[in-house]
Amino acid sequence: MAPRKTSDKLVLGIPKGSLQDSTLDLFARAGYNISVSSRGYFPTIDDEQMSVVMFRAQEMSRYVEDSVLDAGLTGHDWILENGSDVEEIAELVYAKRQMTPVRWVLAVPEESKARKPQDMDGGIVATELVNVTRKYFADKGLKVKVEFSWGATEVKARLVDGIVDVTETGGSLRANKLREIDTLLTSSTRLIANRRAMKTDWKRRKIENIAMLLIGAIGAQGKVGLKMNVPRDALDAVVKILPAEKSPTVSSLADAGWVAVEVILEDRIERELVPQLKRAGATGIITYPLNKVIH
Amino acid sequence: MAPRKTSDKLVLGIPKGSLQDSTLDLFARAGYNISVSSRGYFPTIDDEQMSVVMFRAQEMSRYVEDSVLDAGLTGHDWILENGSDVEEIAELVYAKRQMTPVRWVLAVPEESKARKPQDMDGGIVATELVNVTRKYFADKGLKVKVEFSWGATEVKARLVDGIVDVTETGGSLRANKLREIDTLLTSSTRLIANRRAMKTDWKRRKIENIAMLLIGAIGAQGKVGLKMNVPRDALDAVVKILPAEKSPTVSSLADAGWVAVEVILEDRIERELVPQLKRAGATGIITYPLNKVIH
Amino acid sequence: MAPRKTSDKLVLGIPKGSLQDSTLDLFARAGYNISVSSRGYFPTIDDEQMSVVMFRAQEMSRYVEDSVLDAGLTGHDWILENGSDVEEIAELVYAKRQMTPVRWVLAVPEESKARKPQDMDGGIVATELVNVTRKYFADKGLKVKVEFSWGATEVKARLVDGIVDVTETGGSLRANKLREIDTLLTSSTRLIANRRAMKTDWKRRKIENIAMLLIGAIGAQGKVGLKMNVPRDALDAVVKILPAEKSPTVSSLADAGWVAVEVILEDRIERELVPQLKRAGATGIITYPLNKVIH
Amino acid sequence: MAPRKTSDKLVLGIPKGSLQDSTLDLFARAGYNISVSSRGYFPTIDDEQMSVVMFRAQEMSRYVEDSVLDAGLTGHDWILENGSDVEEIAELVYAKRQMTPVRWVLAVPEESKARKPQDMDGGIVATELVNVTRKYFADKGLKVKVEFSWGATEVKARLVDGIVDVTETGGSLRANKLREIDTLLTSSTRLIANRRAMKTDWKRRKIENIAMLLIGAIGAQGKVGLKMNVPRDALDAVVKILPAEKSPTVSSLADAGWVAVEVILEDRIERELVPQLKRAGATGIITYPLNKVIH
Amino acid sequence: MAPRKTSDKLVLGIPKGSLQDSTLDLFARAGYNISVSSRGYFPTIDDEQMSVVMFRAQEMSRYVEDSVLDAGLTGHDWILENGSDVEEIAELVYAKRQMTPVRWVLAVPEESKARKPQDMDGGIVATELVNVTRKYFADKGLKVKVEFSWGATEVKARLVDGIVDVTETGGSLRANKLREIDTLLTSSTRLIANRRAMKTDWKRRKIENIAMLLIGAIGAQGKVGLKMNVPRDALDAVVKILPAEKSPTVSSLADAGWVAVEVILEDRIERELVPQLKRAGATGIITYPLNKVIH
Amino acid sequence: MAPRKTSDKLVLGIPKGSLQDSTLDLFARAGYNISVSSRGYFPTIDDEQMSVVMFRAQEMSRYVEDSVLDAGLTGHDWILENGSDVEEIAELVYAKRQMTPVRWVLAVPEESKARKPQDMDGGIVATELVNVTRKYFADKGLKVKVEFSWGATEVKARLVDGIVDVTETGGSLRANKLREIDTLLTSSTRLIANRRAMKTDWKRRKIENIAMLLIGAIGAQGKVGLKMNVPRDALDAVVKILPAEKSPTVSSLADAGWVAVEVILEDRIERELVPQLKRAGATGIITYPLNKVIH
């Protein structure tokens, strides 16, 4: 076959499945509108220099390495599992819910006597992450039969000797009455790129651009804009209440006795500050949602 | 049994069921992110001093009174029905749709001859609000058999003599061809607290804090922020158009001939004002959504 | 029968079906809250001078012409098909996705030998747009039997000789392996009004008002507000980066060395500018969502 | 175009929509297995001489007349509406639920003063069955504007002067508080055929065959097989209990004192007879489901 | 009010909710076809002497006692809870799955120290079955606050001291990590009747008739009819394999060397017998489904 | 770890996913009732000697080989892919729809120039069946990079050079505009068993028993029982119409002039015969459904 021809568009892979909706929402706040028709694997994007393909996170890095994709979003875990030779451009960690780092843990039934990885020796362990798990046991000199598990790994824990499964908070393990023995890997979402694509100037700039906009959109998660009117003589008191690292935008008002103060806050902090700000003399306090925050 | 131990967290009950989504959304705009897994009764909240439990609105006040919860959201109707001894912290009335006050009415089929409560004497009335209804008839000296109705009360109106059912606009009664005879009770959503919890300083402060933030978030419902650029000599005319009780924030622009005017408006008013503002000389009019408004 | 009485409210028809959600959302951003109960054809609106009815886009113009409705939203295609004598108040074209103009095309199976409208002569064509299609062929002097197609027209292309079907991007035609031969009509969403209603002063003003607010809400689609702090001596450089036709709002800050700059941008442009603005010295760049933009 | 080529298969149209599942089930009991993939308009059938296409009942007769289909199932109402020249092979009336005859009625709001068709004179009537309705009023010499209603006709009754809508039991009219004024048409499901196809021998035989099997399957609806053991001397008493027109199958048993009696009964009758049969001496009474009953 | 008028139809209550589908299916096999429209509480039945109403099992017995219903299906547990004075006509216990008897148990978290009912003294117990539970503790001389639980009782076990909840197999308790302490009640489905209705001759006969047909339909659950051809000289061997209490129907065949043997078997037994029957010489063994078995 | 203990029950694996419902239905007709709770991987079965676990077909054979399961249902394809050393007990091929044999084919886009496996040399092929595909190309001496495809393989055909995907009728390939180049494998469903389990007497007997009952249930698919009454002098003519290999059961009737004839027929044949039988003099023809047919 002739060598794979480089596309004249930047081909981006986004993950199909549980992360799909939050990924599309993230791109929308970053400024890219991606439309997915039902059952569609080839969404449209409102950027003529790009095309988008959906892959499962598990297989993404293979197709980036093979030049099928120029770049893609996937987890660090699956890059390792596939042993893919790709470039990691940015780590995308949300302050909240989706895309938080996950852990792959060795777990056994609560009632099992196993307490340490060595107790798996001679046994069977089921996992979706076969290669990482085999290397983990081999590095410890343990002889463990690692079987691929096609989903629903947690229910297999009582059929074999242990499982290696992914968890965010440990909640699903507890719900299945499993006990963690060890953590093999902590993994977060990454923007990865094909090494050849990164040597093409316009593609590298575009990928870096996307990285910056995604990080800006992630930075706006869990943040709000807050505006208030403050009497000029209360300004110092108000500013002291605000977090030191935030420099508020203070603008003059027509009424010379007052200034308008505007600041970006994490909503966890904002909910503590509002009562204090009011007491310090601020009025007309409003908060509004943000799309993107770039420092 | 030993006396119930006070939790070191503030335990908050939020209503499961039809109000659930709007409640979660309200808390999000107030600054609290609550995550509910499917079928989950123990959501997580991003505040380490709090834990959240879901109960049906109907049973909430019992568990607040019993110290199972420190505070909770429920309707005034169910507090009365349960005869619960709890503290009402705040009334939470939305300007729109959800959490509007509801009425409990005595209703009969359109074709019934009954015209007043007395016409129920000697008959059977079905309701979810058994105790309030029994007291209502007893206070009038009427002998009515009040049967508990496990949902779908409106369809029972033609099987018994009348029903006492909840309605917002009366629409569902009309749709079932029922006629209202009397209103027993008007009820709105309340933030309630356990009396013992309110005697613990940090819990009382926290509950009051939540009340203020919820009221601020409710205040932003149906409001928008409006910004426009106004020629300095048209400022008076523009300000006169705005509602008298709103003091706009007027800020200087680099171009000395213009000022920026910003104001928070109810959207019902806003849609009337926009054409007038434009005619008065305002340009670059934009409106944007709000999370919270605290006067 | 007595002549149809004019309602004392403005009766507005909105399209039931695929455009329903985006229409309700558009009205919400325009400032009108419309609530639809499930299976409801008579939504409520928070404007006491209006009532709302849902009709299919296909039949809307008939009922506007008949004075059943004072105004309504529908497509230009169905106004033509019904031959309705109504007034077109405004064209409502979204920058994105929904309510983009659509095309009605004559299409045949990819494997068909037909290449031009004349190749349909003596054959059968299925379509939902019967009258427009009959006129199209008659104008060309062709004898074609035009059969009404009750939905799923594309699957009939292989049963008859050709179809006239609606398409946005041509994607569904290609997915069904059909080939376009000709375009009969390009159609977009219109706000239409009954001619008699437009002669009543308050109704005409109200309809024009709705038109302006809908256009403003459409104008905010795909736009964001962008704010940033700029050193006074970098202002010129920053302004030069911004699109020429946009005049940014520049306001003084308390710190005399800095100004605040605010501008409304299309998000397609914004995502290109952010990196450049940052390089030019802007800090604290944030973007936020908009409800409405009125120039 | 060349004249439409006759397919070498019998092309059968079955109705898409509310009757679809009961139709497929009917064919299955008749002996034909039709598989529909989701969104599929071209089901497969396990008979190599046939192919199946799905159409809406409303358009079926047009495509049968046009030779697109050789035969199809649709309602008598839509044959009339379309004025199609097709052959009606069989009436398919189920003893129960689906495919019962329906009525098209002129209906008005309960509160309307209209009492007879003449009260519509000069008014507007909405209906899906436009041609039949126009003819109905014209035959009475009435001038009524008949507007096509694209579904949900019952909700239009209060917007225009009356509707012509389909009903089975009148229940949906009552639920919408409408009153019937007149019945225009009673309609049942028909198997129809193209006149040209009926002149091809093998097609005509096949269509007649299908008609017989469908009628046999319909005949088994709501019937059960009943078997019992009866002492020889109680046989007369048992047979007298059975409906006169049913001749039971009486077979000898090894035990000469007993016979086995088997009979096909409507389940409405069966539930009355079982207690009587038991009292008359029958034992081991069982009933079993049937696929097809051919007299 | 005038005394409640007896309906001229037999009014039957069937349970809305989890048992609904299996109840409708049971009636269908008994010979009664009940049609439920979506959201319908007034199904239709193909018996002109009956009308059907849906109630929750929890409230059924109240409305039977009040003469709103003549008869109904509900659980023994709810009859006790409501203290209803009604007549129990028949116990309806399925051999399989639905309508198996259920148990109401006192349960605590696995980690609780409570081991016996006495350990609840002075505590709070949540349950849907408030009255039965209160009586249970009172009979033991224990002071327990019994709170009504509006669904999802199992999740409250960790919020209060214990729960009284319903379980079939104990599986849901184990899944929630709860431990059973005691069984308060075992309950099965009952056909109940109003005492006054049972004094009306035709109603009593009809209710008894329904009871017999339902029991016949339940008897056919998990049973199949089995037919086979047996050489006359192998008949004894074959009959010996069959369960002693089943008398097979042996009928003569045209071929004098063979007989046809037919028998009704539970499918649990049938699957053991088939291999043995084949070995004993039976051929052409078939099994078929049954609707009803009346001994 | 100690050697894996043999369960005292027969542990059977049934496939989770698309075949699940048809498998449960098959077991039900075979006489085994398996209940699956939602999200349940451990169904219950009404046989105390058995327990059931759900696995994906893809991983089934691994767990049978590892003695986690004694037996299981899976495809021949996945046994090969996993290279599992298990015993194949029975091939389970349905006459209709589900569980028909499938083919794994090498396919390319219609527009591709590739015509034979050799044209993949040096390219990339995506598939779920990695090992079988690698062996296939290696056996031909071709160098092809085979990448694992995590579902939706058909959409990858245009991203890489070709795919190896599963198909029943080729329909999904044509729908995706792919062209078959070669067939790698034809595969059907198998009942497989662990070699050690087959050496335990009671387990082997039980597994063979299950095989026989499943085959009997499959044999009844697409068959019906047909009964008719035939005049004794028409018997020969009727029997001649019936398929030669079927020996009908002819039984005497009380009326000596008639016999009852019963026969099991494939429904494809039955629908052809019924008209002929009627013409030959048969009356009272009925057909009824079957659970199981064992020759």
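A, B, C, D, E and F are the chain letters, set down in written order, and residue numbers restart from 1 in every chain.
Simple rule for what comes next: a residue touches a chain if its C-beta (ideal position, glycine included) is under 8 Å from a C-beta of that chain, and two chains touch if they have at least 3 such contacts.
Bear in mind the structure is a predicted one, so any value in this text is a computation, not a measurement.
Asker: Name, by label, each chain that touches both members of the pair subunit A and subunit F.
Answerer: In this structure, no chain contacts subunit F and also subunit A.
Asker: Moving only from a chain to one it touches, give the least number of moves from subunit C to subunit E.
Answerer: Tracing touching chains, the least step count from subunit C to subunit E comes to 2.
Asker: Would you mind reporting the rotation angle for the C-alpha fit of subunit A onto subunit B, rounded to the nearest 5 degrees?
Answerer: Superposing subunit A on subunit B takes a rotation of 120 degrees, nearest 5.
Asker: Compute the centre of every chain as the mean of its C-alpha atoms, then state which one is farthest from the centre of subunit C.
Answerer: E
Asker: With centres defined as the mean of C-alpha atoms, identify the chain lying farthest from subunit F.
Answerer: Result for the farthest chain: B.
Asker: Report the inter-chain centroid distance for subunit B and subunit C in whole angstrom, where each centroid is the mean of the CA atoms.
Answerer: Using C-alpha averages as centres, the distance is 35 Å.
Asker: Can you compute the centre-to-centre distance for subunit C and subunit F, using the mean CA position of each chain? Integer Å is fine.
Answerer: The separation of the two C-alpha centroids amounts to 51 Å.
Asker: What is the distance, in whole Å, between the centres of subunit B and subunit E, each centre taken as the mean of its C-alpha atoms?
Answerer: About 42 Å, centre to centre.
Asker: Among all residues of subunit B, which ones touch two or more of the remaining chains?
Answerer: Counting only residues that touch two or more other chains, subunit B contributes 251-252, 288-289.
Asker: Identify every two-chain combination in which the chains touch.
Answerer: Pairwise, the chains that meet the contact rule are A-B, A-C, A-F, B-C, B-E, C-D, D-E, D-F, E-F.
Asker: Using the touch definition up top, name the residues of subunit C that touch subunit D in the complex.
Answerer: Result: residues 1, 4, 16, 41-42, 53, 55-56, 58-59, 62-63, 66, 68, 119-124, 145, 147-152, 155, 159-161 of subunit C touch subunit D.
Asker: If we count contacts the way the header does, which residues on subunit A are in touch with subunit C in the complex?
Answerer: That would be residues 30-33, 35, 37, 46-47, 209, 212-213, 216, 220, 225, 235, 247, 249-252, 259, 264, 288-295 of subunit A.
Asker: Spell out the residues on subunit B that touch subunit C in their complex, using ranges where they run on.
Answerer: These residues of subunit B touch subunit C: 96-97, 169, 171, 222, 224, 227, 229, 251-255, 260, 267-268, 270-271, 274-275, 278, 283-289.
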